Amino acid sequence: MRPGFTFATDLTVRFSETDAQGVVHNAVYLVWFEIARIDYLARFRDGYPGLRADGLEALTLEAHVRYRAPARFDDRLRVYARCGDLRGARFRFEYEIERGEEIVADGWTAHAVVDAELLRPTRMPGWLAEAIRDAEATAE
Amino acid sequence: MRPGFTFATDLTVRFSETDAQGVVHNAVYLVWFEIARIDYLARFRDGYPGLRADGLEALTLEAHVRYRAPARFDDRLRVYARCGDLRGARFRFEYEIERGEEIVADGWTAHAVVDAELLRPTRMPGWLAEAIRDAEATAE
Amino acid sequence: MRPGFTFATDLTVRFSETDAQGVVHNAVYLVWFEIARIDYLARFRDGYPGLRADGLEALTLEAHVRYRAPARFDDRLRVYARCGDLRGARFRFEYEIERGEEIVADGWTAHAVVDAELLRPTRMPGWLAEAIRDAEATAE
Amino acid sequence: MRPGFTFATDLTVRFSETDAQGVVHNAVYLVWFEIARIDYLARFRDGYPGLRADGLEALTLEAHVRYRAPARFDDRLRVYARCGDLRGARFRFEYEIERGEEIVADGWTAHAVVDAELLRPTRMPGWLAEAIRDAEATAE
């Protein structure tokens, strides 16, 4: 595990994720960040589907990607994710995408928990905030 | 207007729609069919958003594409669409995609109107069936 | 293994693959067919990347999907794939997508091997045709 | 025209761009930024396709999005774009996406011109740098 991270998810680049430059399209990295984020949360109770079942949603407020080396079809990638900056409804994820030893991209996303109907900010449920803090506390 | 069609919608190929073969990815054609279908219906009252506001949905039951010439980034395409085979909840769209005189692809999709909550088949609203029949009656 | 199939690949529905109907968008199934097709071929020498390294490409000529039950976010799906109708440059894949015991969709795609530069039909390499026939011969 | 911008491109939200939250998926905004960027450049000689024909490519180095209000199916959006910070191979685009008077999102992307073969940074062609500076000089 990469220092500073306690979680990673693996994926293989799909052909449909490439573009006519022969590399992965720049928007796809946000899809990968989301996959890692959902997998990260899936370890706690019912994760993101559980949050949605509780009438809550997690909105994405901001997203940032640094593209450091082009990813290509069939590449085996590891997406590291960590969660922090939990304050009320807000939280933030950071990511690093690696191909073997090489960093392909990094970035972060900022989020808010909202009620699913009116999309008003709502404090993150205690069980989830605690589970995230516990998980991150084990990072080296 | 191409014989047999009374409606067409124009689009320009997006860079994100291409893949590492340098041409448009095969799944994108179903997105284009849907755009033409929604634009086609938009001429009648509130079209597809109106159908959804009425608590109805249109499900896609089947889809077929014949790829006849590769489409490329920045191509200007015209997507012809016609609707027929209206029977109860069912209807069917046919499409032809052209780049100038050249046929790039053709295909069809089969659909059913359902109530949005339980997804049970529901007869197409009379105002919509009539509007479609009237529109298609003008085809040469 | 489902009768008639010797190969399947597993995937989990991504949140980005859903649409505002709350189910998977109809174009995504062609992406899943492609994933199964590429995984299927990956068992033989270098599979599809190997084909591309040899200066060959596989074009999709036709695609067909029957949507039988909506797939939803986080569903665990199994995509069965088999290859047949090998004639010269042409070949055909058939697919079934299942969620547990339930069939979510089925369909097929038709393809041609072409040289990557001029996109002219080229007989499928003997090693690949043989490997496919051997693999399918084990189907029950 | 919005103060500070000399260019905008219009688009209508596609159904395929929504997700099961009922709003546009967060990765789609990068696709829209790219559409505006390509339309922006299309005004100068042959734009981005012309750059590619010259054996050059524009890589995306960094991307940032602030999501300010959810976009929905069928929304009519205007994507404002401006280009600046031209230094050697580097340049930067800024964007604002509006629905009527409301700001839906804003963001920026950083880019480098590279030769298409080896992806090495290459000074932006003089004709393009000049055309961009001339266009931006007219901003209020």
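We just call them A, B, C and D in the order they show up, numbering each chain from 1.
The rule is simple: a contact is a pair of C-beta atoms (placed from the backbone, for glycine too) under 8 Å apart; a residue touches a chain by one contact, two chains touch by 3 or more.
This is a predicted model, so every value here is computed, not measured.
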Which chains lie in contact with each of chain A and chain B? C, D
Looking at A-B, A-C or B-C, which one is a repeat of the C-D interface (more than half the contact pairs shared)? A-B
Which chain pair is joined by more contacting C-beta pairs, B-D or A-D? A-D
If you take the mean of the Cα atoms for each chain, which one ends up farthest from chain C? D
Express in whole angstrom the distance between the two chain centres, defined as the mean CA positions of chain B and chain D. 29
CA centre of chain A versus CA centre of chain D: separation in Å? 25
Set of chain B residues in contact with two or more other chains: 15-16, 27, 31, 34, 73
Touch list for chain C against partner chain D, complex: 15-16, 18-20, 22-23, 25, 27, 72-73
As the complex stands, chain B meets chain D at residues 14-16, 31, 34-35, 38, 48-49, 73-74
Please name which positions on chain D make contact with chain A in the complex. 21, 26-28, 30-31, 34, 57, 59-67, 70, 109, 119
